[in-house]
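To start, the structure under review is shown below, and the notes come after it.
Going in written order, the chains are labelled A, B and C, and every chain counts its residues from 1.
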Amino acid sequence: MAAGTTKEAARAEYRLSPDRLLPTDPRSFAVARQLYESVAQLPIISPHGHTDPRWFAENAPFPDPSRLFIVPDHYVFRMLHSQGIRLEDLGVPRQDGGWSEADSRKIWRVFAENFHLFRATPSRMWLEHSFQEVFGWTGRLSAETADSSYDHIAACLAQPHFRPRALFERFNIEVIATTESPLDDLKWHRMIGDSGWTGRVVTAYRPDAVVDPEFEGFAENVERFGELAGEDAATWRGYLAAHRIRREYFKSFGATSSDHGHPTARTENLSDAAAQQLFEKALQGSCSAAEAETFRGHMLTEMARMSLEDGLVLQIHPGSFRNHSDRILTAFGRDKGFDIPTRTDYVSALKPLLDAVGLEKDLSIILFTLDETAYARELAPLAGVYPSLKLGPAWWFHDSPEGMRRFREMTTETAGFYNTVGFNDDTRAFCSIPARHDVARRIDCSYLATLVTSGRLDEGEAFEVAHDLAYRLAKQAYRL
Amino acid sequence: MAAGTTKEAARAEYRLSPDRLLPTDPRSFAVARQLYESVAQLPIISPHGHTDPRWFAENAPFPDPSRLFIVPDHYVFRMLHSQGIRLEDLGVPRQDGGWSEADSRKIWRVFAENFHLFRATPSRMWLEHSFQEVFGWTGRLSAETADSSYDHIAACLAQPHFRPRALFERFNIEVIATTESPLDDLKWHRMIGDSGWTGRVVTAYRPDAVVDPEFEGFAENVERFGELAGEDAATWRGYLAAHRIRREYFKSFGATSSDHGHPTARTENLSDAAAQQLFEKALQGSCSAAEAETFRGHMLTEMARMSLEDGLVLQIHPGSFRNHSDRILTAFGRDKGFDIPTRTDYVSALKPLLDAVGLEKDLSIILFTLDETAYARELAPLAGVYPSLKLGPAWWFHDSPEGMRRFREMTTETAGFYNTVGFNDDTRAFCSIPARHDVARRIDCSYLATLVTSGRLDEGEAFEVAHDLAYRLAKQAYRL
Amino acid sequence: MAAGTTKEAARAEYRLSPDRLLPTDPRSFAVARQLYESVAQLPIISPHGHTDPRWFAENAPFPDPSRLFIVPDHYVFRMLHSQGIRLEDLGVPRQDGGWSEADSRKIWRVFAENFHLFRATPSRMWLEHSFQEVFGWTGRLSAETADSSYDHIAACLAQPHFRPRALFERFNIEVIATTESPLDDLKWHRMIGDSGWTGRVVTAYRPDAVVDPEFEGFAENVERFGELAGEDAATWRGYLAAHRIRREYFKSFGATSSDHGHPTARTENLSDAAAQQLFEKALQGSCSAAEAETFRGHMLTEMARMSLEDGLVLQIHPGSFRNHSDRILTAFGRDKGFDIPTRTDYVSALKPLLDAVGLEKDLSIILFTLDETAYARELAPLAGVYPSLKLGPAWWFHDSPEGMRRFREMTTETAGFYNTVGFNDDTRAFCSIPARHDVARRIDCSYLATLVTSGRLDEGEAFEVAHDLAYRLAKQAYRL
């Protein structure tokens, strides 16, 4: 052990505590531990996420540790960037094809040297869970361990049982949903289906590209959309018909939900004439920002009406100011960690849709938020009365131990457990999926344990609810 | 025990834990337990609520379990409705006189079968407290126990010691305030007074119907208001005089407060000429929405000025988007669980009133909120400096263990304890009153205990504060 | 002991618990205690505050207990005022020179009699820490102990080792920053420098008076500003040059930061022509409120550009509605406890500045907030990706045990520890400085301990982070 080696680096192993995230007071701990054990091994239901169906279609090896853990994960590179490390140095490709680090080992070293930045973040827990549980590497990432960890993981990735399908099975995934545009031909999903592999990978209908007049290439998107559907999507009737046809197509690849990532939760319920007029302006590219917002809002109500017909669950993911930095957007493109949550109103915003179809008990709308102030004030009261509404789990920045705890503490008293839908991992970081579900199960069991020890729930009930939150509610709410 | 019976249903008894809601760490628990014991049996001061004075005037038996616990309680039927049960099936009467379930036992069965929906909600704790402490029934509500519980409670209700006055006395209520419109003749209050019964039931002055230009029948209300007061309320002078007269009338039935349920906390301090002009437009029904808001805002300042004269405490209950669903409002009327909190500003909104009379130490204004983000940011700083302002307790959706805890954690450091006013139950669910006060006492004692064990308060002080929060502050702040 | 004496008053001594604010569960307590012991004696870095440099320049005795603890401390007199005690009776001077209590002993008695109002507030903890640790008085303030405490502290203040420099050294302050206007000649700082005393007292550049068109006497301020800098500040070029010159001047007195107390976080990035035009309107006093806001916003971007040149750290302290009561402002002037936090947006507000210079890793911008809802929603995501942004500690009303805990719980998971900057005391209450830093160290160590016992951080790491939060990060972030 060199004199300069820190006490940290000197430790040979860092095993995650088997009791992590459970309560520290002995009474609650004992209950939580039992609850957790009862759900820890349940299959994973992953009803909303962004894994790439191509992985499961081709089943090719993941390329290397950096291209698995760093380059595609905005949680990871944004934190490194926040301390002044350039995205180029982390291998994030430039839009102009300019230089970006290609040496994965170099990228990994930068990551390893700066691993302390992730202390107390959920990324750290997901990463260490992956290193330990998926790859069997139990060191602590640092300058000293950069190369050995890289070599260890790289060697694993070369082996057949680290290919996507093998990991899917090892992760005990019962079903996973990916997310595709209506413009996607779903060829990877077709290839999975044709392959005879039994893993259940379904798609979800995410029509932002043909619903948002401000989306890049909206008019061309709608034209192609019409072609794919065999409808004249340049007419309002044809456009709606194309949605119905593409939704059916997606359903034939297992889709049970649509998903909508609008800047706000605004909905509208326009007359048919007004909607048609706005649609025509949108196609001509002459919508104002306010009109684009109105059109998106109206389309949520149209989608809800279609959901009543075809049974797709409607997910609303509002409130992100996406691609906040103009320079980063220009240099590196979308989704580079510069998506910042904003205040989000639901009460007025959802009223037009809810007045139209909100009392339908066969409609299922799952609401997400990045604005935690809405949990107790708006979302729980809305979900606690409208038959169509359910609350999605703590999302994105809030998919964390404290975030999940706040979600339960701020929604349960008003909405109960049965207006919530279990956990979503919502991730493209495949290896983090077991870690994320494990965190959710631990936090939910801890919350339930505190309810038991404070006399708010019986132990028998807590076991039922733990199972519901870890498994049953996600299947039921997403009709999987 | 049938094979299909769950472990849950098999348990014969579910007694509420005597230590419920107290801290789980042993040191804090021991302190909290002692504090709670010191206040658990104190009389109930209920300075704000919605019980029906007719109950105490006539002292007739409550009709049956469903009409006591379900049909009138929007907390209960909204949760059942959120899972797709129709309000008609829960006996909620339709506005058009159409069918609504009349068989109380059938309603009770639906409730019992779905009782798991209330897990971890305050309603569940209030209900079980009532079942156990008021009616001596200690089962767990379920399909299996629906009939036996119904029969048990129905049998109780037929007995004289379950009539309203007997329960009032058993609940150890020292004083309770109801809430009436200035258009109410207070005949039930008169009947209580004339009856010789010693229970103290006072009224409160809630003038929304004659202060809000958007209230149904505003002009007719004002006309009748003038008749009741013997003033020409069609003139601005006469209208203000009528308020003074009706406030005195309410005071003669024990009123010590007025109450104002506006959509926002907006106040105004208009010139007399401007107020008069707006009032005339209001009577003509030609106020815009903005003008109606301005008029309501100005009336808060007028009410505050009258409070300075006559000593009534002024309560402001803003921030609810009431009757959110148009269809439910049309079919079932107001107050059917579709009241949703909204973001509420206080800093700018209250300034006109505070600039007018906010420094008066003999004025007492009690502020409530449904927007918890205002606790630490706006309300505690305002109440922590303006002599006229006090903070009402955690309200409505926040009248819950977690809600009350957040209230103390987010207000005490800036406003202290002595700018708060103890607990309000704010309920029409009579049997829940002891349960609600008990929850508040437990949570406050738990909060105080954590202050003691973390060295922020001495134990001797904690006993004083516990008594203040459970009893003294409510009497003092409401001048009861 | 007199019959009327309460149990409280009868206790002779109230020593602060050595374990105050540490966790109550035994496992977390043990870790927290060790962490705290490792940082408790570290020197104080006070990079932002409002002590008076004259104290250290002249080193005169503080006048008396009331003029040390009550009259200048808006935290203290606002709470007394909130319960109806007039500011005059607390010795706060009137603007019109009218009567205000001059008898410090009388003021102290009012304070002592009402000391229960401070129960569970941070002021109480700071005061008792000062009484005990600075002055060695260990009673509980009350009517009974008013005179003895006053006499004790007054006697201390007469002694040389209670003069400002002696206390500075006793408090183990390594460096303290004061805050001055560019119009200040920094003569007290010069006098400190010339005195040969080794205490490190640096200034900070707070240009509100010459940056905010709505500041009293803006045009005259700018004129004097130009004179001090030797530039024609009536021209846009000269005005900017004057800033550069005064910033250099401040740097020569140790300044490492500028500070900006705007009503909102709005920034702008105007063209030079537009900025110049607005500046000219501002000098003419013809800016609308919106234009004044725009100009202030643009000046933040100009300041950021200057920071890139001269290395000053830029602090933004937005969101206070200052001097909320018109009557108090007129009667007593600014800063009388009537500053109320408001909702504050950062996401849109900061975009112009961030698009201009936000990706510069050599720029350091420290963001504060009075709106805790922004912690997890806006501030942590922004600081967690922009290289220039760091988060200042829990501020003002939130500089409290619960406030600090919420800050860590709501920022760490997204921003980590290394996008935060340690603690600021931000106070003019000199004797409270050790108390405030002690509270911060205790709360941070408690938070770290819960991370350790819940398996989110290793113990070895926790010791490193504890040291970072208590000492290193403040030095580094403020370049001290």
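Quick notes on this one:
Throughout what follows, contacts are C-beta pairs under 8 Å (C-beta built on N, C-alpha and C of every residue); 3 or more make two chains touch, one makes a residue touch a chain.
Small disclaimer: the values here were computed from a predicted structure and weren't measured.
Counting the residue numbers used at the interface between chain B and chain C, under half appear in both copies, so the two copies meet with largely different residues. To overlay chain A on chain B by their CA atoms, one rotates by 120 degrees, a value rounded to a multiple of 5.
For the pair chain B and chain C, the distance between C-alpha centroids works out to 40 Å.
Each of residues 25, 373 in chain B touches at least two other chains. Chain contact summary for the complex, chain C toward chain A: residues 23, 25, 27-28, 345, 347-348, 351, 354-355, 358-359, 361, 373, 376-378, 380-387, 389, 409-410, 412-419, 450-451, 453-458, 460-461, 464-465. Contact residues on chain A toward chain C in their complex (touch as defined above): 7-8, 11, 14, 16-17, 19-22, 24-25, 78-79, 81-84, 116-122, 125, 140, 321, 324-328, 337-343, 370-373, 397-398, 400-403.
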